[in-house]
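Letters A, B, C and D mark the chains as written, and numbering starts fresh at 1 in each.
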C-alpha cells in the first residue's frame, strides 16, 4: 500500500482502531485460510501447466502483449467491463447484469476496501506472516474501535463496507430468486448445476448473509454503519448483551472456505480464469486443441452463466439443451470424451453463443478443434482436383475475363475434355479490356437455388458489370464445410485448388453469393490484391454508385441475417441498406447478432431433419413478428430452408414469400 | 429336399422316345475325348438290347461349334442339319438320335425356328437342293442318345453285373449328375425331367443303385462355354466356372460324376487337373479327383465291360478308387495298353492330383 | 316382392355386396364353393398397412350379411338365361330364379410350384406368403425354427410373362413388407432381405411401412428378382439374384425363403364364366363393360362383377368395388329391369 | 505349381454372407440413417466432386450392404463434404455425417 496510509496511521497519537486480539489469530479463520490456500495453489499449478502447454511462440506473444500499451489498456478495460461490471450482460438483460455486477463488483470492492482498511489502521497485519492472508477478510473480528477516537475517515469506510455488503446482498437475493424464477431476469433456461457447483453456490448464497450476521454481532465493538449498526441494536433487543458471535464468524469462515475449496471444480473458477483468458485472448493467442493449452484457460473462463442456453437455436427442444456450449465446456473440463464429441458434432455452429457470451468464450471454435481431433485424420483423395480441373481452370480463365461481357459469363470450372464446355468459351468474343474485372463464384449450394444465380446475373447485367462466372457448370467446394467438419487438411487442399483458379483468372473483385463461401474466401484464402465481397455488399455498392437503379415498392420486407454472414463476417449493414431502398424493412424479433439460425446450417454434423425443422419454425416465427410480406435472406441454405419451412408450416393463413436478396433487388 | 416334389415335376416333363429303328449321328469331339463311349453305346443298344441303330459315314458335323463360336451364320448351320436329316430320310429312318448335346440343342433350335418361321425352312430346303441336290424330311422323333439309355435303364439294370454301390460298405455311391446346358435349358420340354430338375441321368443313377447328389450349383455350366474355352485369354473364366461347381459339390463328397454332353466330362475332368496343379486343391478322397464319366461308360461299368475297353484310361482323373469301390476287377498293368496290346504311352505324371 | 339376386363367391367382395343389397331390401342368395365364408381373408392373419387382424375385418363383413341366404359347399351346376332373369341350378339341388347375378369369384394364389427354379415343394425351407400367414395364425410351421436369415421373393407369378402372368398383383409388395416386419418382430435377430423388381407400394400409409421396415427393422431391400434357388449341404438355401442397383450378381445363404405368390384368375370363376359365356380378357380376368366408367358390369346384361374377378385388387378396393356393384345392381333392377316393354331398348342404351 | 497361362478369375459376385454385421451396427449406432437410403441417386446427381471423378454415396451404401466396404471407402474418398447431397436427399438423410461415419467406422482395420 502507499506510504501515505502508513503516514496517516502513524500520525494518530491515539489509534482509532485497536488490535482486539493481540495474536492476530483465531482458529475460526482456518477453514477460510485452508480453502483459499488450496484454491491459490491449484490455480498456481494450473497456470504453470497451462503456460507450459502452449507453444513457445504463443508464450512469448503473451508475455509481450502485457507490455504493449494498447493491449494493456484493452486488458484493463476488458477486465473491468467483463469481469466486474459484466457490461455485456447489462446491455442485454439489465436485471441480470445488475445481479452479476452486484456480486462481482461488490465483492471485489469489499475485498479491496478491507485491505485498505487494514493498510490504513493496522498496516502491519498486511504481512503474510502476520495473518495477511485472512486478516483483511475478518478485519472486523480482530479489531476494536477505540471509543471517542472515531474519525470521519473511519466512518467513511464503515459506510462503504456496509454499502457494498448491501449491494452484494441485493445481488444474492436476485440470484436466489433467479434459481427459481429465471424468466423474470430474462433467462428462459438456466444451467443444471453440478455437485461442486451446488456446494459453491450454496456457500456463496450463505457467505454474505453470514458476513452481515457476523459483522452485525461485532458492530458495537469494531464499528459499523447504516446496515450493521441497526442490525446490531436489533440483536441486542432480542438477545440482550449476550451475542454468540464466535459461531457466526466460524460459519462465515467455513462458507468462505467451502466456496474456495469447491471453486476449482465449479463454475466459479471463472472468476479468476476469466482474467487469464482475457489476457490471452487480447494477446491474440488462439487455441489449437479443444482442451489443452489456451483452450484450458478458455474453458475455465466459462462462468456457466447459461446465457448460451437461451442463445442456442437448439433450445426449441428441451432434449437438445444438453448440446449447448455451457455443457460442452463442462464436459471438456471433465474429459468426458463421448459427450464432448456428441455435443461438438451436434452444434449448428451458428456462433450465437459466442456472440452473446459475457466472457467471450468461442465455443464453436473449440467444437471445430474437437471435430478436427476426430475427423482430420479421416482419409481423402483429392488428386483429381489437379488432374481434372487445375490446368483447364488456369487456361480458360484468362481468356474469359475481360472478353466476355456480363450475362454470357463463362464457366471457369470446366472438367477436362471439351464436351462440357459452355458455348461462351467455345466462341469467345473479343471486347475492349475491361476496367473492372469481377469474378462471380456461386458455390455448390447456390446451384441448388438457381433463382439466386439468375437474379445475380440480372442485377449484374442491369448494372453493366463486366463479370465472369467462375462455376457456371459447377466448381469445387470452397472448403468451409470441410473446415466446419474438422477436416482441416482436406479443406486446405480444396482451398489451394480454388485459389489457383481465382488467382489465374486475373480478377480484382471476387463476388460470392454464399455466405459460407464468403467467410472462408475472406478469412482463409489470402487472396492478395483481390477484393472479396459478398453480393449484398457488392450490390449495395452498385446502388450507392448509381449503377443499379432500384425502386421502392413499399413491400414489407424482413431480413434474415445468415449466421455465416452476420455473426460470421459482421455484415449486417449493407443488406439492410440496400433492402431499405426497395421496400419497407420491418424488424424480426431477433436480429443482427441475435438472429436465429434457419436450421439448415452445414455446421451440424448430426442434427436430424426433424430437429432442424423445429429450429426453422422458431426462426421463422421470429421473422414473422412484424407481419412481413416477404422474407429476404442472402444465403442459399437459408433460402431453401425457409422456403421449405413456409411450405410446410401449419399456419393456415400464412401469406409470406421467401426471396433471395438479389431476387428482391433485381429490376 | 422333398423327393415327392421333384417327382411331380418329373412327371410333367416326359417325352416320347420311340422303341426301335434309330438313325445315329456322332459327336465331333467325343470321338477324340472319350473314344470308347460311342462304341459302347452302339454295342449296348445293338448287341445287348437288340435295337436297330443305323449310322452312315456320310454324316458330318452339325456345325454347332462353329455356330456357337460365331464363325458361321445360322443359315449355313441349318443347311448342314438339313443335309443330316436328308441322310436319315434317304436311309429310311425317322427317329433321329444324336450323340452330342450341342447338336441336340441345335437340332431343337432349328426345328423350333422352322416351326415359327416356315419361310426359313423353305429357304433352307432350297439351299440344300442347290448345294447337294438333296431333299430332307424332318425327323419324327428327335432324341439324344442319353434319352435312349434312360429309356432302357431298367433293362440295363436287369443285365447289370454290379450296381452303383460301394461293395465295401454296401452304401450306394453318391453320384453327381451333370446335364449339358443345351440338353434342356433352351427347351425344357425337350428334355426328360425339364431344365430345373432334369431326370434323364437321375433315372439311370436310381435304376443302377446310386444315390443322387443335389448340390447348389448343379445347374451351372461345366465351363466349356465355347468362346470361354477357345480363346486363351478367356480360359480363366472357363476354369472358374468349373471351380465354382466343385466348390459347391465338395461338401457332399461325391464318388462319381455322370454327364451326358461331350464337353462336360472333358472339362469337369481336365480342369480338376488344372485346379490341382495350379492351386493344389483336389476334390476326391486322399488327393484324388472325382471321376467324371459319360453315361455310356457308367452303363458299361455296371454291365461288366472291362474298364480299359471303356476307355477309362483316357480320363485325367484316375478312376481306380471308383473301380475299387464298385468292386470292378481290373489289371493296372493294362491301363495304357490299347487294342491288341499296343502301348499307348503313359501320361506325364501329375504333381498334385493322384 | 323384391327381386332375387344371386351372388357367386363368399369372399370379401361377395360378403360386402350381399350386405349392401340386403340393406336395400333385395332377396340375396350367396353361394360359396368352400365350406367356409371369407375367401382368402379367412386364411390371412393380419392386414397391411396397419396390421389390423384379418378376423376383425372378416367378422365385420359377416355381421353385415345377417339375413342373407348363404349356401356354403355350393357351386353352380347350370345357368339358363330366361327372358330377363337367370335360372341357376345349384349343386345342393336348389334352383334359383335370379334377376341379377353378381360374380365375385375372386382370385387364386399363383401356384408357386410352377416357378420350378424356386423349388417350392422341393426344398424344405421354401414357403409362400399364404404359408407364412398360416404360420402367423397357428404359430407353427416345420420350416420356421428361429431362422437367422430370411428372404422374401417378390413377384412370384406376377410380372412374369413366361409364367403366364404379365400383370402386377398389386398387393404382394405391401404384403411382403408387412410380413418382413412381422418376421422381424417375431425374430428380432434375423436378417431380412426383400428381393423386388419395383416396389409398387402406392396406397396411403404404404410408404410409411416401407420406411418403417427400413428404419426400425433394418429390412434390406435388394432390387433384383430372385432367379435361382438351390439347397446347400446343411439344408439352407443358396439364393441368387442380381443387385440391379449395384449391377452385380449376388448370392446369399438363407434359412427361409418366402415366395410372394401373386394373384391369378380364379379357376372356379372360369367355370362360372364358361357357364355364363362371359368373356375374359387375355390376362384371364373377366372383361367389364368399361374399365373406367362401368367396372362392375359384365358385357352380359344382368351379370355383374365385383372384386378380384376383374383383376388384382387390394382389400379396400375390393370392398369399394363390391359397394359400387351393389349400386349398379340396384340401378339395373329399378331402372331397367322392371320396364318389361322397353327392356331391350333400355339395355341397349344403358347397359 | 504349374503356370498354365490362365487361372481362376476372382468373382465379381456379391456375397451377402460376408456382410459384417458388427461393423454395420457400429455405423448404425452413430448414424441410424444408414438404413433408410432408397437408392434414388439424388446425392450422386448433384455431387460436386462427381463432376471430376467417379463418386457416389448411393453406390457406397450399396457397397456397405454388399459386403464391399473397401469399395465404399474408395468411392467416398473424393467427397468434399459440401453438403449438396443432404439438401436433395428426399429421405432427409444426414449425408455428410453418413459419409464421415462410414469413413470412420470402416477405415478402422
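As a convention for this text, a residue touches a chain if its C-beta (ideal position, glycine included) is under 8 Å from a C-beta of that chain, and two chains touch if they have at least 3 such contacts.
If you're wondering where the values come from, they're calculated on a predicted model, not measured in any experiment.
Following the contact convention of this document, D is the list of chains adjacent to both chain A and chain B.
Interface comparison, A-D versus B-C: the pair with the greater number of contacting C-beta pairs is A-D.
In whole angstrom, the spacing between the mean C-alpha positions of chain A and chain C is 66. Each chain gets one centre point, the mean of its Cα atoms, and the points for chain A and chain D are 39 Å apart. Chain B and chain D have Cα centroids lying 46 Å from one another. Chain contact summary for the complex, chain B toward chain D: residues 232-233, 235-237, 239-240, 243-244, 274-275, 277-280, 351. Partner chain B is touched in their complex by these residues of chain C: 113, 116-117, 119-124, 228, 230-233, 238.
By the touch criterion stated above, chain B contacts chain C in their complex at residues 1-2, 4-6, 8-9, 194-197, 214-219, 251-252. Of all the residues in chain D, the ones that touch chain C in their complex are 12-17, 19, 21, 28, 32, 35-36, 38-39, 58-59, 62-63, 65-66, 91. Put simply, chain D touches chain A in their complex at residues 31, 33, 46, 48-49, 51-53, 73, 77-84, 86-88, 92, 94, 96-97, 100, 103-104, 107.
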